[in-house]
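We call the chains A, B, C, D and E, going by the order they appear; numbering starts again at 1 in every chain.
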Amino acid sequence: MGYQYTIWIVILPFLAFVINGLGSEKLPTKISGWIATLAIGISTFLSYETAFQYFTSPSGEKIIAFKTIWLRFNDTLHIDIGILLDPISVMMLVVITTVSLMVFIYSQGYMKNEGGYDRYFSFLSLFSFSMLGLVVATNLFQMYMFWELVGISSYLLIGFYYDKPSVVAASKKAFIVTRFADMGFLIGILMISYSTGTFDFEILTKPEGLSFSTTSTFLGFSTITWALLLVFMGGAGKSAMFPLHIWLPDAMEGPTPVSALIHAATMVVAGVFLIARLFPLYSAFAPHALGVVAFIGAFTTLFAAVIACTQFDIKRILAFSTISQIGYMVLALGVSGYGGEAALGYTASLFHLFTHAFFKALLFLGAGAIIHAVHTNDIREMGGLSKHQPFTHILFLIACLTIAGIPPFAGFFSKDEILAAVLTTHPIYFGIAVLVAGLTAFYMFRLYFIVFWGKARNYDHSPHEVPAIMLIPMILLALGSMFTGFIPFGQFISSDGQPLVGHINWPVAISSVVFALSGIGVAWKFYMKESSASDNMAKAFGSMYTSATKKFYIDEIYILVTKGVIFQMISKPLAWFDRNVIDAFMNLLATKTNWTSMQIKEFQSGQLQKYAFIFISGVLIIVLSFIYATR
Amino acid sequence: MNILIAHIILPALTTLAIMFARTQKQVRAIASGGMSIQLILSFVLLYFFLQERANGNDAVVLFAQSYSWYPSLGISFDIGVDGIAVAMILLTSIVIFTGIFASWEVDKLYKEFFISLIVLATGVYGFFISLDLFILFLFFELAVIPMYLLIGIWGSGAKEYAAMKLTLMLMGGSALLVVGILGVYFTSDVEGARTFNILVLGQHHIPIEMQRIFFPMLFIGFGVIGALFPFHTWSPDGHSSAPTAVSMLHAGVLMKLGGYGCLKVAIFLLPEAANEMAWIFIILTSISVIYGALATVVQTDLKYINAYSSVSHCGLVLFAILMLNKTASTGAVLQMISHGLMTALFFALIGMLYSRTKTRIITEMGGLMKVLPFLSVCYVIAGLTSLGLPGLSGFVAEMTIFVGAFEHNDIFHRVVTIIAISSIVVTAVYILRVIGILLMGPVRNEAYHDFPKARWFEKIATTSLVVSILIIGLMPLLLSDIIRDSMGMIVDKLVLK
Amino acid sequence: MSLQQLLLMRHEWILIASVLILLGFELNFSEEKKSNSIVVAAILFAIVTLVGFLPAATGSIFGGMYITDPLRILMKNILNLGVLIVFLQSGSWLRTKINYNRVTEFYLLILTSVIGLNFMISSGHFLMFYLGLELLTIPIAAAASYDQFKSKSAEAGIKLILSAAFSSAILLFGLSILYGASGSMYFQEVKFSVDLLQVLGFVFFFSGIAFKISIVPFHLWTADVYEGSPTNVTSYLSVVSKGAAIFVLILLLVTLFEPLRQVWQQVIYGTAIFTMTIGNLFAIRQQNLKRFLAFSSIAQAGFILLGVIGGSALGMASVIYFVLVYVFSNLAAFGVVIAIEENAGKVNMDDYNGLYKTNPRLSLVMMLALFSLAGIPPLAGFFGKFFLFTAAAEGGYYVLLFIAVMNTIISLYYYLLVVKAMFINKNDLPVGYFQSDYFTRVALSACVVGILVVGFYSPVFEYIQKLCFNYFNL
Amino acid sequence: MGASAIIFYTFAAIMIVFSFLAVTSQKILRAAVYLLFALGGTAGIYFMVNYFFLAAVQLTVYAGGIVVLIIFSILLTSHIEEKMQKADAWKIILTAIVGLGGVVLSLFVITNHVFIPQANTGVEANMTTIGEKLLGYGAGGYVLPFEVISVLLLAAMIGAIVVAKRNKPEGNG
Amino acid sequence: MVEQVPLNHALIITTLMFFIGVYGFLTRKNLITMLISVEIMLNAVNLNFVFFDNYLFPGKLEGHFFSIFIIAIAAAEAAVAIAIFISLYRNIRSIDVEEANTMKH
């Protein structure tokens, strides 16, 4: 039984992109949306089919469904384009197509009144195509290519409302920051490929056949450690790990469905996927690199959670929550071992990735529904929406409960696994993780209480419930959030392909739930009714609070480095240098020639006798030099 | 008739026909017709080439012909193409074809304009097909000189200064070439009569101490036209003053003569010196790469932006060549082609935008995406090619170069390679900056709404370039393999330390 | 001495015959018909040129005083071509009222000068050489001051004849010393060797020829004389007279002064650098086109020395070939200058602004000529210059070659200045449209054909090359 | 020192002194006359070495022809009494340095050279020999230069006439 | 050959005379006196030829004939030169060499 049809999973969105892109001026607007949705719908169907077929078949082996040489570098290195099916890629296929399909359907309603409908769906299809291509990549370089494509489609989608300057800046920032990270990724790839002579995952994920020198080459790390760190840099860029997270909050300038798809559920977890993909390499050759990964994950999850507590833009809160949640996943990967029980972190991380996709997409779509209704992003201008948008309210609540890790919602299960994995290896990180669980519950319910309860505001026109076409995908996602937790994830996905039996670690579960509930309680206390408690709290933290609202000034530092240092102190002087030193030097050659010409013009004095004088002097000098030479 | 000769006869006939044309319409028709046939001819050449190779003809060059010209000096009209040349000829054909359409509306001395343009193209074709150093040099200069008139007469801004500077600097480079070529000619240990034939010279040895003298001359000589730092300063001024089609041809094709020459003459004929001295030029070129990119970041004139980015990209070409291995050199050729197409597209678009907005300062424009969607999308595609997006040609080229550069594992090569790689970030910065200011944002001026949409000839020009970029970007294997196969001859001579 | 032997001097005889025929015509033309001699002279010289190309016997007569061989015949033919073009270009100037009764005299002066250069090239004895040199110069000095009512013309004449007298006195001083050292004046008898006395004599002697070629520092008369003289005379001076001197220089150096090779290579090495550089530096800022071409021709002389210095057959061939190319290129440039000067009375570069608008053909000819001088392919000048460089490289003079190629950039700069003036610069009052006379057009067309064809038609160079090799192997 | 040597040195002294006077005299006509004396001295030396024909030519062509020509031209262009301006001092100094340098250099070279005389062929410079040689066309004959110089003289004549003869400025129509 | 006068002495005399001519040519302002200086130079050369002829190669007479021709040419040269002087004099009313400098640089 073959998997050849899987190629259509990838190709169909691409076709939708091409049709929508080329026919943008000729197609009726409605049609373009349906073409794209149809394409992704079929892809979704095929993905489920694949998943069913793959996970029900006995072997958990890697399957190459399709492969062709795309570009040859030298005798050993070549880029292939192909489709690799293994547990994580199949899982990702399901996640991506599902969320995509939901977002596509949702967008039909959400974007109805926006211009550039066809452009929107064309870019969205491009994104789905890139993301699908990324996860099924058979080799590092194919992954890198689609990685870049994902970046550019993200850029295009963030910049959808391109006539707003803030949008332009945000899209630019998103692309450049990730690009910077990708540079590291690329160098990492090159280093790995130089050592192994291949890009192929089939070989790279079987570390038995590889050998690396582990002698330290630079700053105490071995080459492979450096390479994997650089690869992680790429992942960190896409997954918005500290300090490369700055683009993600700004990326919320894009249309909200886009945020749901790209900046919550799919693209941002590409980094996690990347590390998971190369996990055998990491754990076999670069434990130090994994340590760094864990540290970055732990730090980011706390850092982002703290900031999220202080923000007022609904989408930014969600963005920071995303960062925080991805930090969780990265942390889990970082503490994981390879094979057996030690690899719980690996499974947990991907499990969280899976559940997170559903509830975070739901959160964003819910946020979209709210924004759609009230035409603002600022939660201080919202309140009492539970009356106006009952369905949205319920769905949003489900999502909040899920992310807070309240059983029996999916988030509880995945988070529990992560906490269990962390606890066994790093108690300090466990402390952070549990704290973050509480913070998460706090800021999510802060959001929830302010928006849906609180004091009702005076809206320009009364907010109303969103149409069915937007509600249906949300409902489906809510179902996912509620029930995916019961999937025996370890059965399907583990680091070494052997089934891993997950079971709930009760002490951990209880502590995390307690923290979560207390977070919710604090939020209820502060925000359910108008109260000054939150302000007092903020005052108590003082400068800490202020810097958290300012996102710890990371953006400012970036601006300083880019605008101040690179732009003002390097590029401008360089441009000046080019014009006024190098070019001036070339001009100087010319002007000096002219100048010399002016200086010697007196030799041609018009005086015959001077001519004769020079004549005879010339003769005599030549003679003299010969006399001198023969002496 | 040999298909290669047809490549230089056809432009010559076209110029002749233009001379006898009367109206602007006729001139345009003849020029576009001639260059269309030329384009077809180039594809035919590619087809024949592939067929020959498929039939197992593994000669170093195909379609070789030799007509003795100055037998006493060993000068003969030796022509022949390998894969690299075929690729470059294709590039030239595409760019000149689009260049004709991009200059559709030249109405001042249009006859002379098209004649000069096609003469320039003839020089380029001749350069790529010749196997004899003398002929090669002849065509090289033939390609450079029409630039003076083209910029001087039809240019804008400080055109006289720019034209003079460009011509003198390029001819300065070619002056070095004379010394280098003659040095190679006289010091090579060819038995019997001396020869200028590259292939013959390539099989013989030149004393290393002579190589040390002539390699820098040849490399810098070709490097000047390839915008080698610090000999690149003709480029910003020249491009900014040149008319559209000329910028296209110049950046698109003419600058490639440099890389091609460095590869096929300097390195091929003087491999030992190349090995020994590569590091000097690697430093220069890696400076070129990053310096050009950084200097681009603050430019505001569209043409300056492109000129400096060309410095960066062409620096990458030379950088790759100096890596002295098959992969990187293949990447260099790919980069030449990719950059040729991309920059031609850029310049074509800049010309089209300029004809509407009458300014090239990006800060004076904005929001063009709304009013000129077609051209803007093309511009974005060009930009994405420039920053190396997969699926477009730039990615293929850059990755091949980087992989090739990583085949060296000493610390020096690693460091310069990483410097070169870092340029892709800077590239992204300036490309997005331009797109952000120029195309995005609110429409800056109400008058923009009256702009004519893209016209048919503009569409032909841009579309053919975009399609070429896409074809290479999506299916690079064919082209890359053609080039790689021919690279062996050059690179096999290099004894790597 | 048989008639056959006398016929060896075919070139000279037919020239002398032309002089006599022209004199006869002059005596028989009425006052109003003087200008007919323009036609007569042109036809006569065309015949002279044609006859020169007929196959001829070679040998030496008058006890070795007169030598003729295929190489020398070729040289004479090349120069004859130049003279013919000068003749054709002179018509319009001679038809002006000021010259109404002095037409034939001009041709007579030029013709006698040509006789002189023929004898100089064919000389086998220093006396013949000297006589030829003087015969080449003295009539031209008179012709230089032909414009009686222009003080500049007289000034040019003075500068020419006095510097020529001075330089030939120095040449003679050197010659006398060489005579004292070697004991003979016959080329086939003298045997030089390297000692200081002969070096002294050689340097003095060399400066006399260098003066004719305008090699720095013996060049200073050039620009002034070129500017002041009637432009036809200037073109004769810059092409024919200079070409003859170059020819005789290479002939003497590689045979007679072969033992002094070390010496003259060093002398030429030094002077070549100065000649190229100074010529170019002065040419940069000239406004008067005649002066401009004067300095450019000085620079060209410097390039020619690159071919001389190797002293090889290839070098010799490249020099001869370059002179052939130079004849066409420079005369084309002068032809345009003459045409503009006669029709608009203007010789300044500013006056050429916008010329392409009104006189596109003339501008194109000028551009071709200048590009050929600058050595731009595919014009003949490119080949000429490349072969000169080849000759220098053959001798291993890479440093000199490097300086030379750097100089070509400067030269390109100022040639482009003129091109810029004609094609790019704007002008409210450009030179008006005019139609040149028939002869000028023929002359310019011939030059253009020469510029375009000589390079491509390789047998020309191959023929010269063969002759030079034969000459060397004698 | 024999008589002939004394006479020789006397002539030499006359030549040098009058040459010098000819190039320094303030009065132009005097300069011409001094030139005449110098040329005459030269002729005397020619007589001494038995080159009578040459001496005769020297006297007739040089002294008789050229000097007269010069004097005529002086009369045409200058006032005889007028004193000529002196050249600038720096010019004189520089020129003197160069001239002296030239003398020193040349004499240094010349006097350091050992001349080896050849055996006398016994040919006298009498009129017969000269006549034969001047019209001889074999080796040692000078008929060709003799003819060439006739062309030269013709050219010089034409040239001189063309330059010196003045057209009426207005022409004749 | 003059007995008891060594060749070197004779050559010293001619060299001196030659450079006196050079000196005159470089310093005299009047064109005619410049011509006179040239004549002196030529005369020195003539003497040189004669001395070499007479001392070193007696009986060959080459120097002798050379001198004759030099004299003839000097005459022709002088004639043309003077004609041009007169032409210049007509134009600028002066035969001062320093005033014949309208063309320069």
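Operating definition for what follows: contacts are C-beta pairs under 8 Å (C-beta built on N, C-alpha and C of every residue); 3 or more make two chains touch, one makes a residue touch a chain.
These figures come from a predicted structure and were not determined experimentally.
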| item | value |
| --- | --- |
| For subunit D, the least number of touch steps when starting out from subunit B | 2 |
| Steps in the shortest chain-to-chain touch route ending at subunit C and beginning at subunit A | 1 |
| Longest centre-to-centre distance from subunit E, chain (CA-based) | A |
| Chain located farthest away, centre of subunit C as origin (C-alpha) | A |
| Central chain (distance from its CA mean to the mean of all protein CA atoms) | B |
| Approximate Å spacing (C-alpha centroids) for the pair subunit A, subunit D | 101 |
| Interchain centroid distance [CA atoms averaged], subunit D/subunit E, Å | 5 |
| Rounded Å distance between subunit B and subunit C, as computed from the means of their C-alpha atoms | 42 |
| Inter-centroid spacing, subunit E versus subunit C (mean Cα positions, whole Å) | 27 |
| Of all residues in subunit E, the ones touching two or more other chains | 18, 21-22, 25-27, 34-35, 56-57, 60, 62, 65, 69, 73, 76-77, 80, 83-85, 87, 90, 97, 100-104 |
| Residues within subunit D bordering two or more other chains | 91, 95, 98, 102, 105-106, 109-110, 115, 118, 140, 142, 145, 149, 152, 155-156, 159-161, 163, 166 |
| Overlap residues in subunit B, where contacts from two or more other chains coincide | 168 |
| Pairwise chain contacts under the document criterion | A-B, A-C, A-D, A-E, B-C, C-D, C-E, D-E |
| Contact footprint of subunit C on subunit E as seen in their complex | 18, 21, 25, 31, 34-35, 38, 41-42, 44-45, 48-49, 52-53, 56-57, 60, 62-63, 65-66, 69-70, 73, 76-77, 80-81, 83-85, 87-88, 90-92, 97, 100-104 |
| Complex contact set, residues of subunit A against subunit D | 609, 613, 616-617, 620, 623-624, 627 |
| Subunit E-touching residues of subunit C, taken from the complex the two chains share | 126-127, 130-131, 134, 138, 141-142, 145, 148-159, 161-162, 164-166, 169-170, 172-173, 175-177, 179-180, 183-185, 223-224, 227-228, 291 |
| Subunit D-touching residues of subunit E, taken from the complex the two chains share | 1-5, 7-8, 10-13, 15-24, 26-30, 32-33, 35-37, 39-40, 43, 46-47, 50, 54-62, 64-65, 67-69, 71-80, 82-87, 89-90, 95-96 |
| Partner subunit C, residues of subunit D touching it in the complex | 105-106, 109-110, 112-113, 115, 118, 136-145, 148-149, 151-152, 154-156, 158-163, 166-167, 169, 171-173 |
